[in-house]
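Presented sequentially are two complexes of chain A, the first with chain B as partner and the second with chain C.
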Partner chain A sequence: MKRRTFLSGAAGLAVGLALPYLARAQGGPLKLGVLTPLTGAGAQDGPRMLKAMQAVVDEVNKAGGVLGRQIALIVEDDQTNPEAAVRAAQKLVGVDGVPVIMGTWASAVTSAVAPVCWDSKTCLMTVSGADSITQLPHQGYIFRTQPTTTLQATKHAEYIVSTGAKKVAYLAVQTPFAVTMKDIMTAVLEKNGSSIVRGVVYEPAKASYRSEIDSVLAAKPDMIYLNSYSPDLTVLLKDLFRAGYTGGRFTQSYAYNAKTAESLPAEVTDGLVAVQPSSDVDSNAYALLQKRLGVASPDSYEAQATDWVSLTLLAIEKSKKTSGADIRDAVRSISQGSGARVASAVEGLKLLREGKDVNYDGASGNCDFNEKGDIIDCRFRYSLAKGAKFELIKIV
Partner chain B sequence: MVIYLLSISVVATIYAVMALGLNVMWGTAGLVNLGLVGSAAVGAYTSALVTTRMGLPIPVGLLAGVLAAVLIGALLSLVTTRLKDNYLAIVTLGFAETIRIVASNEIWLTNGTDGISGIPGPLRAVLTPLQFNALYLAIVVCLLGLVYVVCQRILYSPFGRVLHAIRDDDVVVGVAGKNGRVFKVQAFAIGSGIVGLAGGLYAHYTSFIAPDLFVPLITLYVKLSLLLGGVGNNRGAVVGAAIVIVVLESTRFLVPLIPYISPTQGAAMREIILSAGLLIVLRFRLKGLVPEAHDHLTVRPQQNTAGLRPATT
Partner chain C sequence: MDVLQLIANGMMAGGVLAVPAIGLAAMYSVLRFPNFAIASHATAGAFAGWIANASLGLPVLPSLIVALLAGGAIGLLTDEFVLRPFRRAGFITTAIGSLALTIGLENVVRLVFGNEMRGYDLPLARDVVLAGIHIGPQQLQNVMVSVVVMALVFGFLSFTRMGKAMRAVADNPPLADIKGIDARMVARIVSFMGMGLAGLGGMLIGLDSSIDPLTGFRVMLPIFAAAVVGGLGSIPGAVAGALVVGVAEELSLLALPPSYKSTVAFLAIILILAVRPRGIFGREAY
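On to the complex of A and B.
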């Protein structure tokens, strides 16, 4: 009896609490969905992306909103897990009826959430890198501001060629893009008289990578490409140092970040080249982002998050409608083309209200999309590790 | 709103199926299994591959998934036949990770960490998303009912009584002339098969599976379901799964009502609520919300004092 009372009481309580929520759902501000990792493996990046989006929304709300309405971000946690993310996405589209979901980070999460989005005609904006994502039958609903594996691998290989390296070794943690990247780099390197002399894909989170390193060094490379994540990169760099390797090392900035740099002594890291898809650091949009967040060098994720919200708001103002399909159809008319170049949502919204065309050039890049939803071009930032600091080599 | 309620009901039902599977192993036979997601992954991948690569109908895929999970469960049980309690728990945890790593690396078969997308769902192409969710809910509820009946039959059959005896003391079972090992393998195989069915159902529902889906988090949610509902009781397993999903989902709506809390803190708060809820239930209702019945169903409670006499009509 007691148990029944408890169960029915709990059910009643749940319904009671949901009622005001349902009542509030009518009218009011324009809701946009945010689905970032706030717990789990992506919890380092999710909150910062959220902050960047909220900052843009606050700015636009202060300037009068979009289509005369205020904007509210509805935030859900994807837990960096596809199952939890699907439930969260169902809530965003089913209960809040958002026209867009922004912020999925892990590739598996994005792939799992994507069918929910296209079934409900909701746009999905993401930083996930796996090439397979935009090859899904997404009917145009996916927009990705992160360069694809193909674009990244090509640019990285071109940089490695420019350093004069001839024998490149490729060491990669097991990821969806580990093998694809190697294949693309091999093609670019061989076209330029260089080659990959050894390719090793390894398991993450091992305490030592001596056997992998021995195998790579046996091929006598003059450049090692470390396609790693932070924890394994730390181990790899130490093991390479102990093995007495002195050639070039090249890695991703998300692996060699400020935290990794601080945790390792200078003699282990000096000379390492780290690359990241560059925010367009000379752009006006990037300068505005620095000011908005009060951060000296916002990273690529913060820049991309800024661009998603800005693109969405401009697309809504342009189409004068708020459905996912309308946003999908309008994005390219404000992200590329012959309109006036604008660097922020506020600036663009003003011009659109005056009936002018705009071309949004964002903080992450110029945000021009191809028919699959991938960005067409992106700049890369190469920096050199020196002590715990980074020295900019170049941005191309 | 309706589509959301339908979709979380589908997920809750699938969790309930998994909890029933776990109950056969853990609740009935006392075999701790922290490798549930391994069986679910085998069921999901088998069904996905049979329907996408070989183009066979979904029921055939599900059946193949169940069979594959039964086999892998039996195999795991044979390997771990001498292990009990914590040792068994650790090995099964390792088993699930092994399956996940195989799925990540055997790219020719599983498409690696990219996962398999476009897994067919029943009539998905012709139905609206709302209709599809409703149909799928009907299907999974029917299957849950079927699995529930099977599990109840197992629980109250002579076979189930032996499993209970193994749980209480497997030496006594041996003394009584039963081969405990054979019963353990059977319990593991049946439980694993049921979990594999749940995995297959999930794959055909969301149309996408990847190794990242089959992480210990899911095992813990299922284990939590059983702990909350009541270990050893099939009704408890179903109720527990429903409660876990209701708690997980309702906190989405409740936590934002707390003033001065950022979404990031809110996300952490949701996890705290779930674990605190479990602690409270375990403190005040150690046997779960729907505790296991004291005796065999055919024995009326008032006859207990007179010993285990079978019920007469």
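On to the complex of A and C.
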């Protein structure tokens, strides 16, 4: 056998052996990471966010996938627990090699997971509100569809002023945003002739908050801002009722959700005002989301989850590459700008394949990001608890 | 802040904590290992009571009995089939086995009932004010249930043959064996009683707040602190320990922000182990 024949034969053999592997690497499903609370305080929202993401993925897979590949979500439970979340994130980036992690909910969890993500050049998409998160040195890898604490606190304080409340008590579960939020609200309230008469940061997961409530009521507030999570909010609302408090109460919808409402008697909850960043309920993307999930009014978390996975897929198609850094660099080129406005991943992917530019307007909002990775604008929905139902007060 | 009000709040919290703490102490005194599975049995009892109360429409008191029986029955089964095989391998292995058991059982509850919070079907009453101290009628009722249960447990241990046998095994297992006491039967009875009290305690805690699969896990630390402070294995000690931990947690608010409340239970454990490792009442079972 001549040397050349041997060499080309060997090379051919090597390529032949490697082919199935190469084919698998190219044609195998594209893995995306989901890290969301399936247990713990966030367990009311995590599974729904996951479902919303899976629904988009199913839709895109049916329409041919992205870059000719099917998409598979690799799901881990963050347990609403920073320590468990970091372990899960390390598994996602180390073992599964995902370019993006979507779904962290609690700010403490997101803050803990973020360094794992930027160190491994993995994008992180989150609903966590703490301002500190996008101030981390994340090199552009964090995208947040939730309004920042500053934006939220300002709007909430403006609403409280509009109710005429003068003496506001601030009762917050220990979170990275508890103190920031109080400072911002204090500033807005004082500018408008109100003030915070008592601020208490309490520990999560206690069976009783009577002494904390006593301390707050001693200041005779006419409005109490309950910056809580569901388990402690239930206890607080009951303890406030027992203590005979009849003034205003204001909380976040992630704490007072449909399930919380069901677990409490109406006399305890009636009159409570709950606020949440509103989905863009008039948008096409929202209408598509309603249809996709078969739900009459998907909430802001389902909307944001829909937008993360859509943005990721569009960014991959746009850059024609699948690394975390490529996604990071491409997101703003499909989320904002002068491209054709699209309301779903399938629609956007089709246009991108035709070589056109797109601007994704999502179900949670128009998904325009600033240089820190925060959304630029957002609407808020205020609802009134009545029985186990919610009455819309306004969306502003 | 009103010190008397804080003490009252602490006594109420401690009174309820005492029930599972007694269960833990009783099991420790006889079986000689800290049974961490008490957390998930408290949760299981709370959910059994919830089925009785919210689904079947039973009033609270019969539902509490259901919680007790369910906690006890599950405790009996898990001890027989999960923990007993571990006991030969020693104290640490059994304790770790009980940790694994609590995680497993908690997730069984999660599988069956899901994660959402549930409330018992009972009317909420406004507080009554007694001598300037306001107290919830439900809390009072819970504490009364605790007191009755404690009295029954003491009566059982003092006056019944089985109760005395249990104390004998706790005091001196070889001697009890020579006297012909069936240690295996005593182990079964104490598992039933201990986990039954955990189940009852879980529901008592849930009555005042709401329940979810983590209900028992959240109170595990204060329960352990109560048992350690009182002298692990001592039943009157568990009651005293629960009251001390309950009141200390509330009184800490005078000096510390509320976000440090749990520290008190840890500090109590460290302090007692450093100063008086036998606990307030020592290691006497009774």
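By our rule, the second predicted complex is superposed on the first by the 355 of 396 C-alpha atoms of A that agree within 3 Å, B and C clash if a C-alpha of one lies under 4 Å from a C-alpha of the other, contacts with A are read in each partner's own complex, and residues count from 1 in each chain.
Note that a contact is a pair of C-beta atoms (placed from the backbone, for glycine too) under 8 Å apart; a residue touches a chain by one contact, two chains touch by 3 or more.
Here the structure is a predicted model, which is why all the values come from computation and not from measurement.
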| item | value |
| --- | --- |
| Partner chain(s) touched by A:T39 [first = chain B, second = chain C, both, neither] | both |
| Which superposed partner A:K238 touches (first chain B, second chain C, both, neither) | second |
| First, second, both or neither for A:A112, with chain B first and chain C second | first |
| Touched partner set for A:S132, first chain B, second chain C, both or neither | first |
| Contacts of A:A296 with chain B and chain C, given as first, second, both or neither | neither |
| Winner by number of chain A residues touched, once chain B and chain C are compared | B |
| Touched partner set for A:Q90, first chain B, second chain C, both or neither | first |
| Contact residues common to both interfaces of chain A (with chain B and with chain C) | 38-39, 174, 203 |
| Touching residues (chain side chain A, partner chain B) in the complex | 3, 6-7, 10, 14, 17-18, 21-22, 34, 38-39, 46-47, 50, 75-77, 79, 81-84, 86-88, 90-91, 93-95, 106-109, 111-112, 114-116, 119-120, 130, 132, 136-137, 174-176, 179, 203 |
| Sites on chain B touched by chain A in the complex | 1-5, 7-8, 11, 101, 104-105, 107, 112-115, 117-118, 129, 202, 206-208, 210-213, 215, 217-218, 239, 243, 246, 248-250, 252-254, 257, 263-264, 266-268, 270-271, 289-290 |
| Chain A residues touching chain C - in the complex, by the definition given at the top | 38-40, 43-44, 174, 200-203, 205-208, 210-212, 214-215, 218, 230-231, 234-235, 238, 241-244, 259-260, 262-265, 267-268 |
| Chain C - residues contacting chain A, complex | 1-2, 5-6, 9, 12-13, 16, 110, 115-119, 123-127, 134, 136, 205, 208-210, 212-214, 218-219, 250, 253, 257-262 |
